[in-house]
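Both complexes below contain chain A, partnered by chain B and then by chain C.
So, the complex of A and B:
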């Protein structure tokens, strides 16, 4: 069976005042049915741009996007609409994703109205753990967690194969985050749906992901099974990310990695490894040659020195 | 140790005085010299209002109706505006979540820090140039003399937050109040900025009050913690004790619901329900509707339990350890 999502060397570049900003630089990845793939990285690494490419919300300048084997990257706006039910997008801020003038019921029924398909709104509300009585309410009358459930219910309406989730719990209260993450896990089990999860919180990612891709300045620098990436990070940037995560308990000893320097400007990427300027392990070769992807125990790493 | 800040039985309300909404009810909290206190809570818990109202920064329509806020011997509740102005930026330095909002985009950052110094010490701005460079060095800004001439947009988020911290330290305050100081920053930068905060407070013998939703931040820098829920403190104590053996079921749930950074997909321990908003706080114990161990008595206001030197507001504080709860 074809993977639910395949990205094949996709790239996105923007012209900025006569120069070129490379947001995503030749990224390839695949997501299988029922799998959660998490993309992690810091602001500006290109993870949100990549998420939009995966959901065909923004086109790709190079490379191909395939949804369950069907190439969609060359499709125009109108033809992509016919394919939309395959992949749905859930934004970070549920308040911005819902019209304030539409009731919950109307919002969840909207995909049916647009496509002319029929669907069961109360069943969808149930599936995301909401009382169907909420259908008559407006988003302003709901809590942040309830709103995010409404957004998820609407995204599920057309029975997509893939949900692209951009920081789905980042704006929620701590005690509500775990509920929504558990809900996403339950829905995945029931529906064999796949997730592309964009997140910055490695603790969240480690508890929900099957695979992890770590992005730095437009490239995936490390990718592999989540357990492997978390237990034995091989790229110095992944090691830095994990070492920087706040400790859970006051007594816990944490080996901090100290890096100096700022990341290079995406307008002016260096010829070698983009992380070299901050990398404690960088040598001469890192400054001149971009590291090719290397395979180590099922993990792909772009680092000259990873072992 | 002497208390730098001492909040006693603080009550805060907002809205129409004839039909007010209570935001904070009876908060008592003190910060000793040289110690860092974390004030933790979710949205609507009253953690930010407690601090802002104490410093007279809560904005229009928010009123302190009862209680006392003493800062180094000065009573701030009912104090006049000149007194409050002397306090803010003088005895107290403040750091907020978004450094961009705290900085003037049209002014070089060095001039802004100099202005903060000048406001309290007088003199000409240029005379404070050395102090500016000293402050920027203190918060770990490399090449401080050059960075002082930068505009905020020319700096990274982490550098801007360092500048904001330098401004907070401008007049050598005895208390630093920081509201979510690292929330807007990337994780690798968070660790660096936390280090700066730790050095500028604890290591320099300054007191700090850090307001956050992030228990990880508390574990990193705080000595003591107070947990707020529905306008009240429900548990307070040393960070070591509260994290190791939380007494209040809400603290327990909050600590347990944090995902750990460890290999393997797993189900998270989730609390039911959601934090109630001001105006719709349940009667009795506000946490009772979400509490796994609530009983009949919980519909009446719980007493403060202070057995074995601990402090929690619960009818039956949990004395067993967290073993088996996760």
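So, the complex of A and C:
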């Protein structure tokens, strides 16, 4: 069976004052049915741009996007509308993702209004753990966690195969974050749905993801099974991310990784490895040659020195 | 201004405007005195407080002995038809153009905005005078002309709203569920534009009633014997030192109508205080 989502060397560039900003630089990835793929990286690394490309909310300049084997990246605006139920998007800020003028019921029913399909709004609200009495409320009358549940219910309305979740818990209280992540895990079990989960926090994703991709300046620098990537990070940037995550036990001794230097400007990428300017292990070859992807125990790494 | 007094001015403006409108539209039909009926023996009779007043003509008579009350109401009907009609037309055209230009952007947006800039660069009164001189000044012509006089403000305002709403996450979500552009404009952009459009409409009514008055005063608007506030005033200027009331009644009505239309616009703007509506206030004030 073809993967639910397949990105084939997609790239997105923006013109900024006569120069070119490369937001996404030739990223390929595949997500199988029922799988959670987590994409982590710092702000500005291109992960949100990639999320929008995966959901076909923003175009690509290069490469292909396939939804369950069907290429959608070349479809015109009108033809892609018929395919949209395949992939739905969950936004970072649930307050902005809901119209202040629509009740919860209207918002969840909107995909049905748009597509002309019929659907069961109370059942959707139950599925995300909300009381159907909330259908008459406006978003402003709900808590942040409730709002995000409404956004998820709306995204589920068209029974998508894939949900693209752009930092779905980043704007929520820590206590609510776990609830929403648990809800997502339950929904995946019930509906065999796939997730592309965008996050900047490895701690958030390591517990729910099957695979993890680490993005740095528009490229996936390390990708593999979640347990493997977290337990034995091979790319120096992944090691840095994991070392900087807060620990459960404050007394635990952690080897600190000290980085110096600044990341290069995405307007002016260096010829070699993009991380070389901050990398503690960088050598001469890193400054001149871009590291090709290498396969190590099921993990793909872009680093000259990974072993 | 406090919220309470702002509300008071809103209701007072709305009430007065409604009263003027009803009086003009119903009054001109109900009054026994026909506005065009001349009585040369009763020329230039003063209003009711004067001992020379004519019974049945409380606002006096004009140079042909026509009843000023009937003429002011009938003239008001014509002036308000032009004002309301043209303001409504301007707001409809402007909203359509603004929403589409703001939502789609690109070359369409550039053309519409360039047209608006060019249009504003011409003095409107000169265009109006030239048009009337060529094609005449029938009521439909006047309404069409003043519609063109008012399209820019609603276009600009609704364009800004459409640009903002288009990139809201909930609109992107609806597009992501397969919504057409027409659906997004109708269901998401228009409801947000509606309050602002109503505010713009009120201000435009006031502005266009003045322009209609100016055109008719110059003899280029509504042609006698059909009365309008502008041409009654124009007739009255000849008699300002002997029968001032002829010009005074329509002038008072224009001033009152404009104050109320602006009061209504301002009141609605405060009531629906949003960034969009406060920008309308600045633009209307700048004009």
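Everything below uses one rule, namely that the second predicted complex is superposed on the first by the 307 of 307 C-alpha atoms of A that agree within 3 Å, B and C clash if a C-alpha of one lies under 4 Å from a C-alpha of the other, contacts with A are read in each partner's own complex, and residues count from 1 in each chain.
Just so we're on the same page, contacts are C-beta pairs under 8 Å (C-beta built on N, C-alpha and C of every residue); 3 or more make two chains touch, one makes a residue touch a chain.
Predicted, not measured: the structure shown is a model, and the values here were computed from it.
Asker: Here chain A is shared; do chain B and chain C fit on it together or clash?
Answerer: Aligned through their shared chain, the two binders fit side by side on chain A.
Asker: Which partner, chain B or chain C, touches the larger number of chain A residues?
Answerer: B
Asker: Considering only touches as defined above, state whether A:12 meets chain B (first), chain C (second), both or neither.
Answerer: Neither partner.
Asker: Pick one for A:147: touches chain B only (first), chain C only (second), both, or neither.
Answerer: In the superposed model, A:147 contacts neither chain B nor chain C.
Asker: For the combined three-chain view, what is the angle at the C-alpha centre of chain A formed with the C-alpha centres of chain B and chain C, to the nearest 10°?
Answerer: Rounded to the nearest ten degrees, it is 80.
Asker: Determine, under the contact definition given at the top, whether A:235 touches first (chain B), second (chain C), both, or neither.
Answerer: neither
Asker: Who does A:88 touch here: chain B (first), chain C (second), both, or neither?
Answerer: The answer is second: A:88 touches chain C but not chain B.
Asker: Please work out whether A:55 is in contact with chain B alone, chain C alone, both, or neither, and reply first, second, both or neither.
Answerer: In the superposition, A:55 touches chain C alone.
Asker: Return first, second, both or neither, reflecting whether A:219 touches chain B, chain C, both chains, or no partner chain.
Answerer: neither
Asker: Looking at the overlay, does A:99 come into contact with chain B only (first), chain C only (second), both, or neither?
Answerer: A:99: touches chain C, not chain B.
Asker: Where does A:259 make contact in the superposed view: on chain B (first), on chain C (second), on both, or on neither?
Answerer: A:259 contacts chain B only, not chain C.
Asker: State the minimum pairwise Cα distance, in Å, between chain B and chain C in the overlaid complexes.
Answerer: Nearest C-alpha atoms of the two chains are 16 Å apart.
Asker: Please write out, lowest number first, the residues of chain A touched by both chain B and chain C across the two complexes.
Answerer: Correct list for chain A: none, the interfaces share no residue.
Asker: What residues on chain C touch chain A, complex-wise?
Answerer: Listed in rising order, the residues of chain C that touch chain A are 168-170, 172-180, 183, 188, 191-192.
Asker: Going by the contact rule at the top, pick out the chain A residues touching chain B in the complex.
Answerer: 36, 42-43, 143-146, 173-179, 181-182, 185, 200-204, 206-210, 226-228, 230-231, 240-252, 256, 259-260, 262
Asker: Where on chain A does chain C make contact in their complex?
Answerer: 55-57, 81-82, 84-85, 88-89, 91, 93, 96-99, 101-102, 107, 110-111, 114-115, 151, 154-155, 157-158
Asker: Within the complex, which stretch of chain B touches chain A?
Answerer: Chain B reaches chain A through residues 42-43, 142, 156-157, 186-191, 194, 213-217, 219-220, 239-240, 243-244, 253-254, 257-272, 274-275, 277.
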